[in-house]
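Please find one structure pasted underneath; my questions will follow.
Chain IDs A, B and C follow the sequence of writing; residue 1 opens each chain.
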Amino acid sequence: MTKVYNNRAWWLILPMLLLVAFSAVIPVMTVVNYSVQDVFDAHTRFFTGTEWFREMLNDPALQAAVLRQFAFSLTVLAIEVPLGIGIALIMPKKGWQASAILILVTMPLLIPWNVVGSIWQIFTRGDIGLMGWSLRELGYGYNITSSPLDAWVTIILMDVWHWTPLIALLCFSGLRSIPDAYYQAARIDRASKWAVFRYIQLPKLTNVLVIGVLLRFMHSFMIYAEPFVLTGGGPGNSTTFLSQSLTTMAIGQQDLGPSAAFSLIYFLIILLVTWVFYTAIMNMQKDDNNQEA
Amino acid sequence: MSDSLPTTPEAVRQRAAAADSRRRRQARPVSRQWRRRGLMAAYIVFVLLPIYWLLNMSFQSNTEILGGLTLWPENFTTEHYAKIFTEPSWYMGYVNSIIYVLMNMLISIAVALPAAYAFSRYQFIGDKHLFFWLLTNLMAPPAVFLLPYFQLYYTVGLFDTHIAVALAHCLFNIPLAVWILEGFMSGVPKEIDETAFIDGYSFPRFFVKIFIPMISSGIGVTLFFLFMFSWVELLLASTLTATHAQPIASVMTQTKGASGIDWGTLAAAGTLTILPGIVVVYFVRNHIAKGFALGRT
Amino acid sequence: MAEITLKSLAHTYLADPQSPQDYAIREMDHVWHQGGAYALLGPSGCGKSTLLNIISGLLEPTSGEVLFDGEVVNSLPPEARNIAQVFQFPVIYDTMTVYDNLAFPLRNVKTPEARVHQRVMEIAEVLELTAQLKRKAKNLTADEKQKVSMGRGLVREDVSAILFDEPLTVIDPQLKWKLRRKLKEIHQRFAITMVYVTHDQLEASTFADKIAVMYEGQVVQFGTPRELFEMPNHTFVGYFIGSPGMNFLGVKSRDGRVMADDTELAVGQGIHDAVAGARSANIKLGIRPEFIEVHAEPIEGGMQARVDHAQDLGTHSIVYLTLGKLPLKARIEEDQETPTGTAWLRFPDEHIGLYVDEFRVEIEHD
């Protein structure tokens, strides 16, 4: 769509801008301010320059947390995206079953994040949880408080439970926008189920999947409440992700300078990854369009 | 399939007959339908099982819970629910959460609608940068903002109020709303606006009477997302409140007492946090199927 | 290659149809012969697309049979019927190149790649798509896209019929005739049965050898464009074909005269006898605007009519007349004088059709 050039549009933006600026700009400035100072108390502070940043980047505990965070985010993406597509493909499209299943599938998305943690804590406990108890009855010594592997698998299972519905709903909605004629033409062309998926459904899903992957990456990278309630970051530090490290440092230890520096690094990592992903996708699409040259 | 395609009517007929009998023998469509239903059912069970377990526990007394594993409440009790509904510290948690969520939805949609319209219809100085900056707010981890928010709201005297949480959630909800609505609005042809202005509509009247009804699906989905992200957020909500505006999510941490966790009450409280979500999905269920792609298919 | 027969075919979208109005297709029999170029013409909602989808197998008819070369194919899905269909809006596989789009139906049945290449090049040549073969299909213009979707039908050697569902709807007017001619050319070259659904009579008559006119779920007439024009079987065909459509006058016989309301019509004895002999209250005489003789001066046996206005269309004009109380349209050629105020009309007997209960009845002329 060609847009009209009109600077009065700023008036429409203004209320939104003021609100977001209040919520974002002032706090970000506070963070930047802290990140370059060493604060002893309200009256005593020293300018430290990039010292905190260097310290944070060289901190092995934080490096490990970053790696853990990437491992976690990539794992859940690798499971949730294909699974979500699969569920969208088998969800019924008409009738009361469609509404019922839509509501059931959406349910995990609307549960407060700490409650999600509680649900899985209750579900997986060896003594009172259905899953934990069943696994032990089957002879597997399942214990998320002592086995890092069990803790990891459980957290990933929880995240899959919690967030696959988002991908599924995005894809379901994307699939609904494909006109019937496409499926009819494919039948007449004797396309296999796989070919229909590969050449009709998947291309139509590209846009929603970009949204889905971006949202999922960002949110999984900021995950806090669910693992905090479920495992508390343990056993050891094996499920301590970035948000939890940061909160411990900022609130628990009151290390304002380092945690502010860490905050900015954290934010920049998300921004960078998102930007790279988004630019890559856009370039791919541009290549497509340029091929006619 | 053979490599060569049939070229005579005879061959076509033979192949048609062969395909027909194969189909009848295998009854493929039916079996495929059942496989589909089976997989769907398996997924639904996976979704429901943990929730069922929560529900199951919420109707058991703590002695029954800790006494041994039972697949359904053998001594059915509603004591935990009674506790939640009679103790103000518990039920006010729900009231507080609902208040700030509704405030946030109202504020976000009210400022996002005109902003999204501006982004979808006009070019202006700095539009692209502004839009990008908005989106970066979606990527800011709430943990980063914990301390600054605490200090900011404390300084302006809003600490422990509903509006503080509602405003804090604007950080990610307004950009999200602008972004979703912009997608839907760009799908509405500009000619609609032009025709309305030629017909003598003023901008506000056009916006309310014509434009908003045209993107009702988009607004439904946006409200769904606003509700979702404000309702589920815990970190900011509990940091910015103490006793007066405490959300249910942080009230729930009270169940950790000296004598261990009060599992029954925790389960009942958890169950009750699911209900508002179900109500919301029920209302927007018809918009979800169409609008969840956020106008970007 | 196939002859397509429809035997007592009927279809309804309702679970529990009560009356004939509930049927999208009312019971009908029809034969499309091998190698013919046919059009299925009718207004929107008359059941054309339903019928097309039943032939291709996308829909299963409620009752009756579809036969290909005498073989019942009701239970065969579209992929087993060797039928190609081109839809109203071009269906192309966005992510593939034009070449891959054309090759798609062949690769789906594992045709050897050498053969695929040969066929694709051949069809691309016919459709003048050779230059575009390497382009992504989604960047094509609407008419090129529609050519690609036709091409996917043509590329198959086993295809017994190609069905077109208003394929030129989204094509620019100046390209329509080009594509239509291309279709005609393809039809002559490959001798494939083609059924072309449209609501445009011009499109139908330029493409098809024979046209089936559909109305309310039934084929009311099946004939050459000339037959449809000169001898419409049904009042609907009269209205629908021709521009403007046929004039119809509700008539009855009174005192040995043919009366349209209170106006006596000057028609031959044969017509009067036929009107008098019909056993229905619904009797109409039909005459095409082209066949009404309009005279500016009084003539022997002419009926006096009022001239309301005339519309000059360049090569001819259409005159709007009132005869008694009945509105009529007549066509006047360029070289003829257009009357003003009053005109005298004559209806040549041989061009008058008699319609009883909307269907044409043969008249015995003396």
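Throughout what follows, contacts are C-beta pairs under 8 Å (C-beta built on N, C-alpha and C of every residue); 3 or more make two chains touch, one makes a residue touch a chain.
If you're wondering where the values come from, they're calculated on a predicted model, not measured in any experiment.
Asker: Measuring between Cα centroids, what's the chain most distant from chain A?
Answerer: With centres defined by C-alpha atoms, farthest from chain A sits C.
Asker: Report the chain closest to the protein's overall CA mean, measuring from each chain's own CA mean.
Answerer: The chain sitting closest to the overall C-alpha centre is B.
Asker: Counting in whole Å, what is the centre-to-centre distance of chain A and chain C, each centre being its mean C-alpha position?
Answerer: The mean C-alpha positions of chain A and chain C differ by 57 Å.
Asker: I'd like to verify one number: the distance from the centre of chain A to the centre of chain B, where each centre is the average of its C-alpha atoms, in whole angstrom.
Answerer: Here chain A and chain B have centroids separated by 14 Å.
Asker: Provide the C-alpha centroid distance between chain B and chain C, rounded to the nearest whole angstrom.
Answerer: Centres of chain B and chain C (C-alpha means) sit 52 Å apart.
Asker: Residues touching two or more other chains, restricted to chain C: which are they?
Answerer: Residues 77, 109 of chain C each touch two or more of the other chains.
Asker: Considering only the defined contacts, which chain B positions touch chain A in the complex?
Answerer: Going by the criterion above, the answer is residues 36, 39-40, 43-44, 46-51, 53-54, 57, 65-66, 69, 71, 107, 110-112, 114-115, 117-125, 127, 130, 134, 136-149, 151-152, 167-168, 170-171, 174-175, 178, 186, 190, 227-228, 231-235, 248-249, 252-253, 263, 266-267, 270, 273-274, 276-278, 280-282, 285-286, 288-294, 296-297.
Asker: Quick check: in the complex, which residue numbers of chain A touch chain C?
Answerer: Listed in rising order, the residues are 179, 181-182, 184-185, 187-192, 195, 199-200, 203, 288-289, 291-292.
Asker: State the interface residues of chain C toward chain A in the complex, per the touch definition above.
Answerer: 53, 56, 58, 77-79, 83-85, 87-89, 91, 93-96, 104-105, 108-109, 134-136, 138-139, 149, 152-153
Asker: Write out the stretch or stretches of chain A touching chain B in their complex.
Answerer: 1, 3-10, 12-13, 15-17, 19-20, 22-24, 26-28, 30-31, 34, 86-87, 90-92, 98-99, 101-115, 118-120, 122-123, 127-131, 133, 161, 165, 169-170, 172-174, 176-177, 204, 207-208, 211, 218, 221-222, 224-225, 242-244, 246-247, 250-251, 256, 259-260, 263-264, 266-267, 270-271, 274
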